[in-house]
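So that we are looking at the same thing, I have put the structure below in structure tokens.
Letters A, B and C mark the chains as written, and numbering starts fresh at 1 in each.
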Amino acid sequence: MGLKEFVTRRIIQIVVLYFAIATMLFFLFRAAPGDPLAAYIGTGFTQEQAAQIRATFGLDQPIHVQYWKYMTSLVTFNFGLSYITGDPVWGIIQDRIWNTLVLMGTSVILAYLIGVPFGAYLAWNRGTKRERFGVVFALISRSAPVFWTGLLGIWIFSFKLGWLPAGSMSQPGVTYSSKLAQFTSPSFLRHLILPALVQAFYFYSLPALLMRNSMLEVMNEDFVDFAELKGISDFSVMLKHAARNALLPIVTAFAVAAGFAVGGSVVLETVFAWPGLGREMVRAVIANDYPVAQATFLILAGLVLVANFLADLAYGYLDPRITYD
Amino acid sequence: MSDQNKTALDSESNVDALDTELSTWRERQADAWRRRLAFLKREPMGLAGILILLAIVLVAIFAPVIAPYEPTETDYGNSLAPPSAEHPLGTDSAGRDIFSQLVFGARPALQIGLLSAISVAFVGMNVGLVAGYYGGYVDDALMRLVDFAYGIPFTPFIIVLVALWEPSKWTIVGAIALLLWRQTARVVRSHVLNLKEKPFVKSARTVGASDRRIIYRHIAPNVLPLVFLYGSFAIAWAILTEAAISYLGFGDPTAVTWGQMLQSAQQSQALARDAWWWFTMPGIAIMLTVISAFLIGRGYEEQLNPELQEP
Amino acid sequence: MTLLEVNDLHVTYAGDPAVEAVRGVSFTLEEGETLGIVGESGCGKTTLAQAVMGALPDNGEITGGEIIFDGQDITHLSNRQRREIRWERMSMISQSAMNSLDPVYRVKDQIREAIQEHRDVSDAEAYERSRELMELVGLDPDRVEDYPHQLSGGMRQRVIIAMSLALDPDLIIADEPTTALDVIIQEQILYRIKELQRELGNSMVMVTHDISVVAETCDSMVVMYGGELMEAGNVDEIFNNAHHPYTLGLQNAFPSVEGEKRDLTSIPGSPPDLSEPLEGCPFASRCPFAAPECEEKVPVREPVDGHRVRCHEPVPFEQIRDRSGEDETWLSQNKV
């Protein structure tokens, strides 16, 4: 099977998976106890008024019609109207997708840039005090909840030192000509530093610990001894042979890490009042704004799947033994 | 020998045989445990993990004895008091004793951690065993289910479930169990694929043992260490997740949990008011509990995987 | 001229228990010659080869004796000094050569790496050289573009041989270079190695458990047992005039490729545990001729014409040789 066929097949698989997840979500919301419009339809409404509101949101239609409309929305992005503001959902979340991607992308990249060399360093120093300390340190990062380190970060760097903004994405009142202009503005970058670092401080531990294990395993392989035998310097052996091979499982883990990153946006963005999908979802769920909650969930799920797909591709690229079948 | 066996009908020698059998069995069990626990000696980190967890368990059990106040007891005249002899870790904005809240917070954390771990281990192990053992369509179907579970964003899913149903411990445990089994299932399955080819399984099959017996008598004991490993990681994930859910405001509003303490700290502007005792302590408590589970799991993992062992 | 001289070498592996895998072995290797080291598995052959190459496992250490290579004492070299000799002057085809190629790089890049680490040559030159080497070992030069997993086991082995020749080293150490392959390919590769060695004139140490390989490929040989040298000398001399019961036992156990077909009898029992100190002859527990004195002190004999034997010869060696040819001699051992 060629690369093209592999990619097509993966894409089909992912689309099927996506529709399955969307279906589950649909029924999850229908099966939930309580009236979704309870918050909206106050006690003061007459029967007719309530019925009219239901009709506005399409809730008067039979379930299969609702389901069909819902599933087509996955393609058309016509997610209906917010129960709270009455605005089109897509308009509310469109912008936020980029905000989330930039924040989470930055932190995952940072985490890998720090974590992979750190893990390799630990493996290289195996059996030493440094290694032990390093592993414990990584485990500490992994155990400290992000919302807590986020709070500590805000307390120290915003409240005490005054170096960085405590939250949000940009100064209020400032507008930008485009998303790109906004993302490259100094003010945005200042806002990005703290949340990205806080999240990276959590995420780096996964590639670090995995890289350490993977390196230790690869270091037992014959080809590493052989490279040494050839007279290659220790550093080259570690970098070109051990680390390069050890990277393979780390790439697979990237899919899982990205999945957690996407899901973790609900926490991180809430701590830092970052106007992204995660924060919007928390807001919508609390307010019983089901259309927005569903749509944000679907977009987040889509991002997880895309990350999975990218990790697959990267793995195929890095490992010549992959034959795509 | 064979003659003796045939005539071993008199009860006395039967009892003898049973006795020796039982005592060798006991010895073997004791031996197995000694081996299982032997890693503690070589793995000081694992030992540290066990000690920390043990301490937290004790705190949870004896919470009413240890805590100087009722955790929900308010004292508005004494709000945001810094640590003192009266309130060793200060009070929150409603004058509730932080230390007492921490002590009682250990209970839901451990309950949720352990319950989730047990459910995750149970579901993950069985899915992995069945998928790996039967293979074919069963395997395909179950593995697609695993892919499905991996495609769902974890924290958002839990939030939706908890918000749509009721915000209780049980919903949180159920929601975590619904997704987190995926990893255990995958790992167990690939292990079973190897075990299936081992002579002891093949011979069990040739003597006509039922599938069920082969799975649970012959294969399952060999994957238990792995299940235990991922179970200990599940404790950590569950505690972290519960804390995050509570922090976001989807927790049981009547319960005293570490996540909730942090939520109310942030909402009451504890940061701006410099009430560090309020927002540092619950985080440390979460971290200690979670790291104890990670340390135990990691120490155990190093033992399972000889390549990771230090030279 | 003598290229390699090993004197009373001792190698110990740290651990619980510690293992003394080489216990006072000495030999010399002349330039352009091939030396065979033969013995059953677990007798310390690989350890000896690795000690010479300076490639002992981390827990292994030379605890006595010396290794002189081209007049230089290389027993205890620093990593840096060692790297200068490695591959440039002394290369190794190891027991696990089949798994010695890095799975993520093309063959050409791995050969190039070996060359460029030691010589200042351009990529193009290194590439040309890698194609040349492939041809030398009987492979299609275009296969340099392949990844290791695209090659068969025998081909990978040939690639390793090609690599070992890349810098035209003075000494090539081949540690069971063909054990992992099937018999026909073993033959081809051994033949090729021998041919190349003759063509290129390098010296070689051939480690094997199969004494018939030594007969075909070597000029001189060392028979090892239990980490010690049992018999050593010229190959013709030893094949025609072996004195040691162990050597004779090995000859019984392996078919000579050209010789007459006959039943093979392996020596009952297995080599000694090298974590224990051994007094007397290490072979005593399996030797059909063992006499009380064999258990006591280490047997040493004066070499005759470079033929060294370490055996008490409790009975005249002619008798040993005659009786060794009979299966009865070895099989009766089994009953004890």
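Rule of thumb we're sticking to: a residue touches a chain if its C-beta (ideal position, glycine included) is under 8 Å from a C-beta of that chain, and two chains touch if they have at least 3 such contacts.
This structure is a prediction, so every number in the text was calculated from the model and none was measured.
Chemist: Taking touching chains as linked, do they make an open path (line), a single closed cycle (ring), a hub with spokes (star), an all-linked set (complete), or other?
Modeler: Contact pattern: an open line, chains touching in sequence.
Chemist: A-C or A-B: which has the larger count of contacting C-beta pairs?
Modeler: Result of the comparison of A-C and A-B: A-B.
Chemist: Would you mind pulling out the distance in Å between where the CA atoms of chain B average out and where those of chain C do?
Modeler: Chain centroid spacing, chain B to chain C, equals 53 Å.
Chemist: Using the average of all C-alpha atoms in each chain as its centre, how far is it in Å between chain A and chain C?
Modeler: 56
Chemist: For chain A and chain B, what's the span in angstrom between their mean Cα positions?
Modeler: 25
Chemist: Could you tell me which residues belong to chain B and also touch two or more other chains?
Modeler: 311
Chemist: Inside the complex, what are the residues of chain B that reach chain A?
Modeler: Answer in residue numbers: 45, 147-148, 150-157, 159-161, 163-165, 236, 240, 243-244, 247-250, 259, 262, 265-266, 271-272, 274, 276, 279-280, 282-283, 286-288, 290-291, 294-295, 298, 305, 307-308, 310-311.
Chemist: For chain A, which residues are in contact with chain C within the complex?
Modeler: These residues of chain A touch chain C: 221-223, 225-234, 236, 240-241, 244-245, 318-321.
Chemist: Please give the residue numbers of chain A that touch chain B in the complex, ascending.
Modeler: Spelled out, the residues of chain A in touch with chain B are 13, 17-18, 20-21, 24-25, 28-29, 32-33, 126-127, 132, 135-136, 139-140, 142-149, 151-152, 154-155, 159, 166, 213, 216-217, 220, 255-256, 259-260, 262-264, 266-267, 270-271, 278, 281-282, 285-286, 293, 296-297, 300-301, 303-305, 308.
Chemist: With touch defined as at the start, can you tell me which chain C residues reach chain A in the complex?
Modeler: On the chain C side, the touching residues are 53, 55, 79, 83-84, 86-88, 91-92, 94, 96-97, 99-104, 113-114, 117-118, 147, 149, 160, 163.
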